[in-house]
Structure formats: structure tokens, C-alpha cells
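To keep things simple, chains are lettered A, B, C and D as they appear, and every chain counts its residues starting from 1.
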Amino acid sequence: MRDKRTSLEAAIAAVPDGARLALGGNTLHRGPGAAVHELVRQGRRGLEIVKTAGAYDIDLLCGVGAAATVSAGFVGFETAFGLAPSYRRAVEGGRVEAREHACYTVIAGLRAAIQGVPFMPVAGLTGSDLPAARGFRRLGDPYGGGEVVVIPALVPDVAIVHVQEADAIGNARIVGTRFEDVLMVQAARRVILTAERIVDGAGFEAAPETVAIAGFMVDAVVEAPGGAWPFGCAGLYDFDTEYLAAYVAASRAEETLLRFVRERILDDAAAMVLA
Amino acid sequence: MRDKRTSLEAAIAAVPDGARLALGGNTLHRGPGAAVHELVRQGRRGLEIVKTAGAYDIDLLCGVGAAATVSAGFVGFETAFGLAPSYRRAVEGGRVEAREHACYTVIAGLRAAIQGVPFMPVAGLTGSDLPAARGFRRLGDPYGGGEVVVIPALVPDVAIVHVQEADAIGNARIVGTRFEDVLMVQAARRVILTAERIVDGAGFEAAPETVAIAGFMVDAVVEAPGGAWPFGCAGLYDFDTEYLAAYVAASRAEETLLRFVRERILDDAAAMVLA
Amino acid sequence: MVVTLARLLGDGETVFHGVASPLPMVATLLAKRLHAPDLVYLSIGGGVDPDPVRLPVSTVDPALLHGTRALVTLTDLFDLAARGRLDVAFLGGVQIDGSGRINMSLIGDPARPKVRLPGGAGSAALMPVARRTILWRTKHDPRTFVERLDFVTAAGNVAHVITPLCLFARREGRLVVESVHPGVDPDALRAATGFPLAVDSGTPVTQAPTAAELGALAQIDSDHVRVSEFERATGGG
Amino acid sequence: MVVTLARLLGDGETVFHGVASPLPMVATLLAKRLHAPDLVYLSIGGGVDPDPVRLPVSTVDPALLHGTRALVTLTDLFDLAARGRLDVAFLGGVQIDGSGRINMSLIGDPARPKVRLPGGAGSAALMPVARRTILWRTKHDPRTFVERLDFVTAAGNVAHVITPLCLFARREGRLVVESVHPGVDPDALRAATGFPLAVDSGTPVTQAPTAAELGALAQIDSDHVRVSEFERATGGG
């Protein structure tokens, strides 16, 4: 297989404005922080973000005007830091459309994409206003059972996933929880990996069971030490409490958010985590 | 979690006549040979066997009259040993119903079972006589796409899977290919593991990523060294060429098959592989 | 609250919580320590029966993988619930109505909400299919316990709701007070609740934590992670 | 045959074969060695780009995991094809008709078959969605290449069919002879085929294997595993 290594700049330049973009990780954990910062630096616009539960990534992309749509089940910084201020403000101000999902319906949409089918049936959802609000249809069971909600295929144009270890052709190990990352890799038209380190893939041959992502599904591999930051990265570093607290405080108003972005993101973010 | 260890006899005694039974492995590899022999010894009847691609297991269960139905995509001994004689004879004689699947439709039916939905859409199958022959229905896409075949949920009453390593509560490692075993474990109402060896599960804590089956989905764990035989078991032993060649030759007629079963299976099969 | 939650969990049950759920995390570990050693503890991070060295403030934290022998994915856990094999799901709710339905989505007009909330996470999918759901909420006031939700994020098999004031049970589709916490005045409870309640001086009082329960709790949550919830109540699921 | 199969595979393509498929196994490894180093070789056992030390007679064998850096499942591979990302699927056929449809299911009346065949394995799902399918068959006689199938197990994007006598291509929905193998008489080929064929002395002759191709083949398949197929032709998929 061919060598897929490239720079973060070049990899992110291949994410067009308006792309449907799946981001790996969950809430405060193993999100692709460096890639999100690069999207901000490159001034991307009109993105649809797809994720089950997001935090800093979604809030920031909403705050700087990069995201137009959020398809997610939960957006918040958990009890550690509370609500997502810029996301709230952008949705309440009508600048971002919140396509609320039930987490499992994000998974169902990705599954339909992976399986090449137009829709995926999903159990539950009875009694909820979500199916009607989101236009999710019901189908009768042709084998004589009851009705079931079906979720339309959700095909990301691009998935960006941060991993602990990858080889040059895109085989990758994920330490700890995989979240929905493997689903995103399979469902997306294009896959960008950022990796804490690039390793010689020959080492994977002794234990291919431990390789979460098969290289032939990957389009670009970026070496990005500290590339989850300010998210945590299992086995290597925790989420950055101090930075996130400062971010959430700044995010409470547009002016303070933009100052924070200018001072701490448009300058060299990578330098900070390595310092 | 509770200790689930039991004897092969007790575990198999919990498989009722008429059960829909999913068997792990694929063609000549990592099938639950010891468990299949125990089903024969206990004289089980009326089973529906579920598997993508079966060989010795399905042929033998058809030959001794244990199976009434076979839901599989392929039944044969590959180019190594050719067709499955007792399966052929039982289907051609009307004693076994062959519910032919496309392998992927077995997977689709198991997926529906896993996801608690009545049916699973599946791509492909156009131009094939299988959907009509099997009564697989088509549904229109309520989101404006075309039609898609939907496969009814296929819920095994019991799944039997042979693994290289398990702990007493059912966490299990599979070396090499997992085939559809993990799907079967999730889809089935009851799960029986046979394991080459029972290990102290504390050893799994260092690398839970390598554990294919989570113990809470398992009901019974049986220590069965050589328990795949005459199937191969990756990393430990190859399929038994000599035995399988003798079996296939015997399987060509009912009398020779039954003599083979009496002499080589109703006697102590486990003793042979360990000899 | 956390001790009362723990008492609701039975031995051998399969129990799940999601993001932003410190109280269910502590309660589940406590139940396992006390009376439910064979309880199967599953959380959104995919650990099975973790034995965390320290309790994380994020309930998706890798700390909840310590001591786990198998990893499952969130997808596996939703599937487990969808096929009817999950006994207990812990879910939150910013608004909760008298029939135990929850709103985690928005306040105001759905087309242009006054307040956009975090979203229900897995609750719309889990609540109807989990064998029973336990809701918890660290605030008990009339803005939380309402007659009418602005949006029904999820509805389903709610068995109990725990608050700082009382324990609700759901009977014939309505929340009723099962017990009032020690020292809570029935009138104050009624005033704090936006839907009608039958509660008086004859209503049972929640049994106070025993010394054994408090001792186990002190060991499990020595950092008082459970307190973080009372500072910032964003719910969870 | 195996050299001709290998030539049909392009560099960078994603190629899959199933059970009972020694010829496709050898052909794919040969193409990778010769002109397609970036070909992605996937097989039913879930290995990616294996580098087997010895060639197994079973094409699901763990030997096809040697040197692989990642394992996928058969489910992943079907999904890959279903979403249009599989370039080439190798499939067999006990009967093949003039439009390249196959029967792997039964001979005779479907309700009470005279001969029960092994089944089509993945073919009904793969043939319509793989970008192209290559069929192979080690027998070429009128019982194999038939005007009418007893049962259509699978139909779809067949690009080529290879036999011991010729290479078919599918054009406008019909199989046509692309080349006749060296030494095969056009009349004999017609007589061996149950559907009408346009073939005469002007039909191109399949290019004989080069020394380089034969040398690579001898290295890859030193045990002549590919010969097993000619002894027992049960097809595959």
C-alpha cells in the first residue's frame, strides 16, 4: 500500500467548505484537537459536524463560524466545565442548526452509510419528540411485526480521527476506548488520521488483533504529537483542565472567545502542549 | 460476575431439541467440534443450524438426523475435500430444509437480532433468485431513494463458539480471524463458549483491547482442550486432513457414515486429538 | 442521594450510565461493593466492571477502564439495550414531568429555542428499551419538575427518580413520592414540584445511610467527585 | 489461467476472494509481485495484504493472516463492497450462463433439487455491488456454460470469466470470447459451450505466460496448491 503521510496543513486543506465532517473521540477525550485548530486557522466555513457527544471541538467550530450544522446527541463539557457556551449562542442566534440526535441515531446513520443502504432501522425512540422534529420516518415490518423508526444514511465527506499510533499506510492502534471512531472511518468518503506517533507497521504484524483501523480505509496520515490536546489521550495525557476552564470562560461571549482564539489558537497551539 | 464454568455435557444439555443454533468458525476453521460431537452423543433433533459457511459441523448434524434446517451461505469442504455428502443427501431426500443465504444475509439477520429490530436492509441481491425463493421482501426508501431488500431478524436460541482462551466468567480471546463469532454471541439468547484453556482473567486487564468477547454476554464456559478438532484452531493446530478425508469418504453413504459415527465419535473423540 | 441510588440496584443486574454522570458512577460502584457483587457495570467509555484507582470527574474518562477485562463500544451498549438485555439505565433530565418524561433538548420554541440544552445523548433510544430507567437530578425546583415539557426528549420505562428532596417511583404512569429524605418538609417538597404530589407527614422517610454505607462511600469516592454534580448540573445520559 | 487472472488486476485496486478459491489466491499474490505492488489483497479470513509463508489449500486458512497488519471481518468486507468501495471480487460458478449469471445453489427443481450444491456464499450480495467481478471455472463443458440456469444464485457486474479454454469478457450484457488459450480449437470451444459463441481462427490468442511470470508463479506457489482446484471443482465465493 502507498505511503499516506502528509502535513496537517495539506490534510486539512482537503476538507472543503460545507463538508459533512465526522470527528472522532467523545466529550473531553481523544478528539482531534490539532486538526480542529487547523480548520480554524484555515478559516473553513459551512461545516456539518457529526459526532455522538462533542465538547470543545463543536463549541469552538460554532464559535468561530466554521460550523453551520451540528448533528450530535450531546454537546457539553460534562459536569467538569458545564454547558457549551458558543454552541448555545450560535444555535439560539440561528447561526447554527442543531440537528439533535439520540447518539444511537448517529450510529444508525453511520451504519447505513457503512452498509451502503439508504436507511437503518433503530429500536426505541417511542414517546420522544425527536423523530417528528427531525423528520425520521417509520416503516412497517413486512414480516408482520410492528413499526420501527428508520434513520437515513449519514455519509460523512471526511472523518478525522486522532490515534495513539499509526503506520505510514494508515494502520492504526487506539489505546483504550474506540468510541465511534471505527464506524466513522468506515462510513466516510475520505479519512484523515492524526497520530501521536508514526511507527514502523511491521511491528503490527505480531498482533494484528490490536489494530483498530485498517490502512486501506485511510487516505491521509499526519504525525501530530499532542494532537488530541486539549482533549485527553488515553495512556498519554489527560484533558487540559486549566486550558478548558479558561476556554469555557472565554466562550461565554463572542468578544472574549475571539480574543482567546487569536491569542491561543491562531498562534502556535502545538507549541503549548509540548512546552 | 459469576463463575460460568461447567462441563461440556451440562452445557450442551441446555440446547433443546428444535433450537436455532449458531455455530462459530468458518468452513474448516475453529468450528466447535467437541460441542458438535456432544450434540450427536446426546441425540439432539430438529436443530436449525445458522452459519455463513459450514463444513464438517453441518454435514455431520445433517447426516445423523440432528439438523432439520440449515440457514447458511455455503456448505462444503472447500477444494481440499469437496462437497458435503450427507448435507446433499439430506436436502435432496427432503429430510433437511436448505434455507440458502448469501452469507451477508446471515450477517444481516444477526445484525437485526443484535440491534433489536425486526429487519435489516441489505445492499446487493439484485438479479438473484434468492430473495424470491427465501421470501425476502423489498421496502421503498422513505427518504426518496430506491428499493432495498430487507432480511428478517435471525435470533439464535443458542450460539456455540470455540475460542483459544477464556476466563471463568466468559471473557475470551480469539487468535486470528474472528469470523462471525462476535455477532453470534451478541445475537443469541444463550451463549456457550468452549475454550482451549481457562485462564485467570486478571491477565486480560493489561490488554482488554485483545479480548474479543465480553463475559457478560456469555452463559456457560467449558474447558475443552482440542475442542475445535477436527476443525483447525489458529495458532494451535491445523484442521485434521486425515480424519476429514476419512469422514468425507464415509459420508458418501448413510451406512458408512453411521458406522464412522459409531466407531469414531460415539467413542471418546476427545481422546483422539490428545493422543 | 448516592446511597439511595445504590440501594435501587440489584445483584446480577446489568447497569449503564453515560456522559456527565458522576452520581450514577459512584452509586454503581457502591452497590457493587455493598450488596451487588455480581452486578455488571457498563459505562459509555466501554469498560466492563472497572475498578478505578481514582474517580474521574468526566464519566467517559479512561480511568473508568482500569481493571476492565473487556472493552465494548457505545454501539455495543446501545445494541444490548435495544435487544432488551440492559436492566438499568441511568439518565438525567433538565426538565422532568409528572409521568417521568424528560427534556434535555431546549427551552422555549423548538424552532428558535430560548435556551439550547446539551441534548439527550442516548436517552431517547435507551429509555423505551432499558428494562428500567433511573433518573437523577441534583436540583429540585419547579423549573425542573414541571407540568409540561417544552420538548419531550425521551420517554419510557422510568422506575425511579431521585432528587435532593425525595425518591419518586413511577406507578401507573405517574411519578409518586416513594420516600421523603430526612428533614424535608412535605409542604416544601410540594412547593418545589411543578406537578401535583400526594405527600404528607405519613409519607415514608428515606432510610438514612448506614455506617457501613457511608464507610464504603468514603473509600470509593474519597475525592468527593459526586459533589461536582451539585456545582454544575448539566444532566447526562 | 492463473497468469491471465493476475493480468486482469490493476495496481492500487482492492481485490477480494472467498472460500474455496485457490486460483484467485495465487493470481492475486502473483499480480502483487509482478505489476500491482499497491494492490490491496483482502480475503474472507480477514487478513489485509498477507504474505503467506506457505500457500494453504483452504483459502480461509490462518496461513493467509501471516504478515497482515490489520484484521477485518467478513462483515467489514461485505460492507466495503456494499458501499461501492471494492474494486474486484473473485467468484465461482457451477453453472454460468451467456450473460455471466451464476448458479451455485442447485440442479433441478428448486422445490426438490436433484443435486444440492454448496450455495453461492457471498456471491448474490457481492456481484451487484463490487465494481467488477471476475468469475473463474476450472471446467469448461456444456453442463457448466449453459443457455439457462436452473437457479440464478447471483447476477451483476461480471467483467471477465476465465476457463481452461478461453477468457470471456462481458460486453453489452453478454459473454464474448476475448481470447482463446494457445492450442484451443475454435470448434472445440464452441462445442464445449452451451450458449452461442462468435469465435473463429481470427479470434485473438491468449498471450502465453512470460518467463518472468512463470518464475514468480513458481516462487509463490511452489507446492502447486492451484492444481487442487482442477482435482475437485466445487466453485467458491
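Here is the rule we go by: a contact is a pair of C-beta atoms (placed from the backbone, for glycine too) under 8 Å apart; a residue touches a chain by one contact, two chains touch by 3 or more.
Since the model is a prediction, treat every value here as computed from it, not as a measurement.
Greatest centre-to-centre distance from subunit D is found for C, with centres as Cα means.
Centre to centre, using the average C-alpha position, subunit C and subunit D are separated by 57 Å.
Each chain gets one centre point, the mean of its Cα atoms, and the points for subunit B and subunit D are 27 Å apart. A separation of 37 Å divides the Cα centre of subunit A from that of subunit B.
If you average the CA atoms of subunit A and of subunit D, the two centres end up 40 Å from each other. In subunit D, the residues that reach two or more other chains under the touch definition are 47, 65, 71, 81-83, 129. Looking at subunit A, one finds that residues 115-117, 122-123, 209 touch two or more other chains.
Of all possible chain pairs, the ones that touch are A-B, A-C, A-D, B-C, B-D. Residues 18-20, 22, 44-47, 57-62, 65, 71, 73-75, 78, 81-83, 101, 105, 110, 112-129, 151-156, 228-229, 231-234, 236-237 of subunit D are the ones that touch subunit B when the two sit in their complex. Touching subunit D in their complex are the following residues of subunit B: 26-29, 52-53, 72-84, 87-88, 91-92, 94, 98, 100-105, 107, 122-130, 133, 176-180, 182-183, 232, 234-235, 239.
Those residues of subunit B that touch subunit C in the complex are listed here as 1-2, 113-117, 167, 171, 186, 201-202, 204-205, 208-209, 211, 213-217.
Residues 12, 14, 38, 40, 42, 47-49, 65, 67-72, 76, 79-84, 129 of subunit D touch subunit A in their complex. Those residues of subunit A lying in contact with subunit B across their complex are 112, 115-123, 137, 139, 141-143, 145-146, 148, 150, 152, 174-175, 207, 209-210, 212.
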